[in-house]
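To start, the structure itself, in structure tokens.
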Amino acid sequence: MPVPAYTFLLLSGAVFTLGAIGFMVRRNPLVVFMCIELMLNAVNLAFATMSRYLNSLDGVVFAFLVITVAAAEVVVGIAIIVQVYRAGRQMDVDELDLMKE
Amino acid sequence: MALREIFLGPLYIARALATTFKHNTKPIVTIEYPERQKPVPPRERGRHILHRYADGLEKCVGCELCAIACPVGCIVVEAAENTPEHRVSPGERYAKRYEINLLRCIYCGMCEEACPYDAITMGPRYDLADDHPDKFIAVKEDMLEPLSASLQDTARPSGAPSAQAVPRKW
Amino acid sequence: MGELTLRPGPMPTGRAAGPTPLNALGDNVLTTTLDKVINWGRSSAIWPALFGLACCAIEMMGTVGPRHDLSRFGSELFRASPRQADLMIVSGRVSIKMAPVLRQIYDQMPEPKWVIAMGACASSAGMFNNYAIVQSVDKIVPVDIYLPGCPPRPEALIDAVVKLQRKIRGEPLVKRPA
Amino acid sequence: MVVGFAIVAAWELVTAVGVVAFRKPMYNALSLVANMLGLAVLFLMLNAQFLFAAQIIVYAGAVMVLFVFIIALMNPEADISFRPGGTEWVYGVVFGVIFAALLAALLFNRGLTGRPGAFTPEVIAAAGNVQTIGTALYTRFLFPVEVTSVLLLVAAVGAVYLAMRRIR
Amino acid sequence: MLVQRLGNRFTQALRESSDFRGDLSIVVDPSSVVEVARYLRDEEGFDYFLYATAVDWPARDPRFTVVWEVRSLANKTRIRIKTTAAMPEPHVPTMTEVWPAANWHERETWDLLGIKFDGHPDLRRLLMPQSWEGHPLRKDYVSFGEPVIFSDQKLEGLEPDAIRG
Amino acid sequence: MRSVAETRVVQEPFGPGPAQEPFGPGPAQEPFGPEHEPPTDWIELNMGPQHPSTHGVLRVRLKLDGEIVRDADADIGYLHTGFEKSFEEKTYTQGITFSDRMDYLAPPINNVGFVMSVEKLIGVEVPARAQAIRVMMMELARIASHELWLGTAGLDLGVYSGFFYAWRDRELVLDLNESYSGVRMMTSFTRVGGVAWDLPEGWIEQLQRFIDVMPGRIDDFEAMLTDNPIWHQRLQGIGALSAQEAITTGVTGPMLRASGVDYDVRKAFPYCGYEQYDFQVPLGVNGDCYDRYRVRVQEMRESLKILQQVVDTLPAGPWITSDRKVALPPRSELSKSMESVIHHFRLVSEGFKGPVGDVYAFVESPRGELGFYLVSDGTNKPYRMKVRPPSFCNLQPLKKLVQGVLLADVIAIMGSMDFILGDVDR
Amino acid sequence: MTLDVVVETLIKAVIVIGALLTGFAYLTLFERKVQARMQQRPGPNRVGPWGLLQPAADGLKLFFKSSSAPSSRDRFLYLLAPMISIMAALASFAIIPISGPGALNLFGHSIGWYVMNVNIGVLWYFAVTSVGVYGIFLAGYASNSKYSMLGALRSSAQMISYEMALGLSLVPVFILAGSVRMVDIVNAQHTWWFVLPLLPAFFLYLIAGIAETNRAPFDLPEAETELVAGYHTEYSGLRFALFFMAEYINMIIVSSVATIVFLGGWWGPFGILPGPWWFLVKVVALLYVYVWLRATLPRMRYDRLMALSWKSLFPLSLAMMMVTAVVVVAAQGTL
């Protein structure tokens, strides 16, 4: 019995929402980053679902590209976080206002 | 340097591998101890043996030189007078009590060197492990040669040991 | 936090293997057989802690060496981490500075664990009857097998290991000649 | 199939909550890893085996290891400012619920439409999943792939530069 | 001769010199021992530090003789520099600035004999635990472990059956 | 029985407390060193006292910046045995047994060094045969010690088989020791004025076989290691000491010679008749770990050369001085001469007395110059016996050598120093 | 997916796990014996005939050993880490076909010589090993000890770095075989083993594989002399055994993959032996190389190890890949 596409998309939406909540609520930059990853994952799920149900490869390929881009983003993001942490030992996004001055 | 390592490095590693592999063909050198044993040299400094003369009398006269010479102080000797009824050694006195704490002993051979009568020598035995420190206090009877074996003089003159091996007792 | 107290006599050594959960079941046939099997396993795979102190450590290494080859008894796997070791061979003199460390290593070893006091110094301080040396290691850890000699020959250490195996299996240590 | 999906979906939700709610960053990261592994299983159910492998190798095996590394190295204390009963929660949950509602409304109102393509599971299986995607990547999607690779290069250089220590 | 040169140069500081069994040693006043050492290193080429120690003579006053011995690798000669230190707080100048290799040797001397080396960069106990009391190599330090156990004081009175085997 | 020790030990806490480090005596309360106030992201790693690569019970506290070592503090004394105090309580002859246990990789050399100081104090002539026997035992000990060094230093860097090959070859030396003196390691073979025993029958032949077989064994080692690129990577350029630094920091033995300083006691101040033998002193150039390895391997070959020469020129004659004041009379005289018996009793019970004075005698141990500074007050025991241990001097520059290297190099450097904790701590 | 397929897969999984565990046990004995012989000593020979019961004794002992753990550990992760390790190790064997080419006919079913024949093939192996990193890393992290942490950091960095080289060194094989499925790759080697045309790739794979499994001369994470025992310093008893098991099973898997990909899997010359035996012989030969290297070579230094991966193996495998691609395309005449 195949699972309808709706359920996949609902799951994707729920995970995306959770990621968004985390993004808004959390202050640790690393955790914020993880929440972004969570949202990206949810999107990937939607891509793959649509790809499957529309018998197309576009979704899969795009999910693949998203994974790649996410990897790049994480690398740079973490490098920035490490630098900021080294500079001020600050682990709270609300307090990070280096750019202001 | 770098080039040498890149080009010759694998060769040298191969040579190292060949060296270890070569040892596969060499004989096994292990002496499988509890069953087989490397022959103990005549001078082996193992557990002490108190000797007797051929007529069964003990060589020790209780002079305590061994106890004095011992760097550890692990020998205690108490001498007593020989009497005609109870003759233990040919001299005037004999060792009534002769104890060695084998756990303290460092098997240096100083006692053997100090003894003027070759009464104590270091024996060939070394498998002495046990589970309580009290079991290592060797009293005279533990170390004395058994009477039956005393017919031949087994003492090796310390200082200039002979090549003849001390008979094995275990 | 414990404190190091030097005991006047040797520490009491209980049953070598220590309490196993199986012992609680009582001695019916099955558990005694199982006990035997477990003790066989334990005695055949004694992994010593990689822990050398002084002169005896050299002979301990010699025991692992090809001439004597402790590996025949399955005991060549010297574990650097005390948490993976079963046997502590106290190979050499234990200074008073070292004593707490030794005890800590012993505490880190998991039960069941055994100790061989190798050599005169570890078993009784040997010739070092002075201020710096713990007078026999059995004041800080319980010792299962004492091994005299300064240092004991590798054969003697193998003999001690064999006797420890017998002790673990619950056999008499010294087999008397018939 | 349905049972499997239900299990994995529950797993996804639980671990996603874990990502948001754990206080120790290490546990957040590990929840995310678990979430990604679950997602990979979902990909498998969607007949996207290549995506499954890529998801695990790249995401779980590399990206998240990086996260875990950084967390272990910097060892930031648990989020002190993050309290279960803080006002952020109210805002966050309210926004989240609204957002989710909007998504659901969109989904149910519009329905799923689209023109089915040629790549049915049978077609993919005949040529091999990896081969099909490979062909697609290097023919139809060549330009995005190239752009992404340039992006990766730039990111690598940038990250190395950023994280580089000033040699003392 | 080296001793003569030393005597001419340090008339006040050089107290005595001896040549026992071919070992040259000089006794120097503690206040100028570093000066002498520096002269020996720079002018006489004594570049290689051998050891530092002290000898405890409880009956004497000053009680301690502190000894440094150095060698000239080029000339193949040795010289032993001695000085004295008195109770209750024996102290002498450090040689570490002249011969850096003296560092641990002097720490050891402080540890075992309780001689303070003034100006030493890192005078901590070296061999004994940091919390140790007393200085073991002093003659009045009782160094006694335990007596050897014999059969009259056995621990639990077990029969010594192991050795009979 | 309350010992002195009993009252003193209680201060240092230990036990399975909250300490994070598994192998140290609890949290570090001691000051690290004199000068440093390190940056906060340095971690302190406690190596030892129980650590596989410290060759015993050395404890090194390292300040690590990532994997780079920024500072190190060697904490020694975990094997402090009180030798110097013990010497004061024993007669000169009994002291020989103590000298064995100091540097337990080369006991014969310690024996010789110890009796040389006593001989220098009381002025005894040693017969030529005794000198030759001493030289043979010392060179055998040197080979055995370097073999063991090769094995363990190799094992530190992961050469598993090397350790076993080294032990296989070392056993040959121990066999020679055993058939000469009756024990494998702690020979205690010297006596003041000579050696305790003459060579047993067949010993020279056994030694000759050893001399014949050994070069091939060393070749095997060299085939495994000398050109091995991984071995190069691990050792070359690591822990380098220039000649000037080596002299200033007071290192000795192979470490000094690896830096290119041509100083070997056997050549510079010949003793025991070393001047008769023809041998080279191998020197290094860079003073790094690799040069130390090369120097030691080469020294083994030179020792074999010396051994061959001793075997060829072994003089006959007595093996101990005939001076009845210091040496025991032969056993055969005991039954004949009353005078001998009296000498025997006096020597065993009292020993001999030395003149008042102080002497320094030194020998070349495998680790460098081993010196004995002996102060005598005229009694039959040393008044003060200070040992100048080569390992102690070689270990001293550890702090300087490891600064700025990687953690893995610390192992290589400590391995290349070849320190023996019994020698360092005494 | 019908029920009988599920049951069949389960049965095969149980068999494979059992075989792997036995293989692990005897691999330890094999290693000890082979190494001992190279060192002119007999090795374990007391426990059972020729020491054959030694692994059983070891296992029994470890099983009944109480555990001792640091009090400051992270309890949950401390328990989780060895499980991740061993699960990852066991799971990767699922795709290895040990014989072929036809299926085994048993009870009317045709049963493949593998647990599963996934169409992503070798990618499965990479995916699973990359999860295995977590086991090691979490072990170090949860132990809360500096030695463990250093070992874990080294180990995971090493595994991640060498995974690149490992993966890329296999790409030439995919190009030649035209598939990533294990079975297809082996069948493509019916006439020529890939080790002949792709010898450099084979060596690259072997080096990377040894590094990936943290074995000598790349055994830095558990370099005894530096880090005591690396990431499993604080593990004891059965949990330590799990890490041990994972390491040895990974060795078996790396050897199996090499056998399949380069050495022609179950194909042997002259057809003297049935397929599984050929497979076994090749795997054991590769394991012998493992032990041999461990017995001989010094350990590399950590920074050199990373440099070797990124500066030598990685570019070399890229080059190998390109060369193969060009040659293949040229041979097909489409260039």
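Note that the chains take the letters A, B, C, D, E, F and G in the order they are written out, and that residue 1 is the start of every chain.
Quick note on the criterion: contacts are C-beta pairs under 8 Å (C-beta built on N, C-alpha and C of every residue); 3 or more make two chains touch, one makes a residue touch a chain.
Source: prediction; values computed, not measured.
The minimal number of chain-to-chain contact steps leading from chain C to chain D is 2. When C-beta pairs in contact are tallied for every pair of chains, the largest tally goes to A-D.
With every chain reduced to the mean of its CA atoms, the largest distance from chain D is reached by B.
Here the spacing of chain B and chain F, counted between their Cα centres, is 25 Å. For this pair, chain D with chain G, the centres built from the Cα atoms lie 28 Å apart. Chain geometry summary: the mean Cα position of chain A and that of chain G are 33 Å apart.
Annotation for chain G: residues touching 2 or more other chains are 38-42, 224-225, 228, 233-234, 295-297.
Within chain E, the positions touching two or more other chains are listed as 127-129, 136, 141-146, 148-149, 155-156, 161-162, 165.
Counting partners per residue, chain F has 1, 3-5, 8, 12, 16-17, 22-23, 51-52, 77, 80, 82, 85-86, 89, 97-98, 161, 164-165, 168, 171, 186, 224-225, 228, 230, 425 as the residues that reach two or more other chains.
The list of touching chain pairs reads A-D, B-C, B-E, B-F, B-G, C-E, C-F, C-G, D-G, E-F, F-G. Those residues of chain C that touch chain E in the complex are listed here as 9-10, 96-97, 124-125, 128-133, 135-136, 173-177. Chain contact summary for the complex, chain C toward chain B: residues 10, 13, 66-69, 72, 116, 120, 123-127, 129, 136, 138, 144-150, 152-156, 158-160, 162-163, 167, 173-174, 177. Remark: chain B residues 28-34, 37-38, 71-73, 101-108, 126-133, 136, 170 touch chain C in the complex. Note for the complex: chain C touches chain G at residues 20, 37-38, 40-42, 44-45, 50, 66, 69, 71-74, 76, 79-81, 83-84, 86, 108-112. Chain contact summary for the complex, chain E toward chain C: residues 127-129, 136, 141-146, 148-149, 155-156, 161-162, 165.
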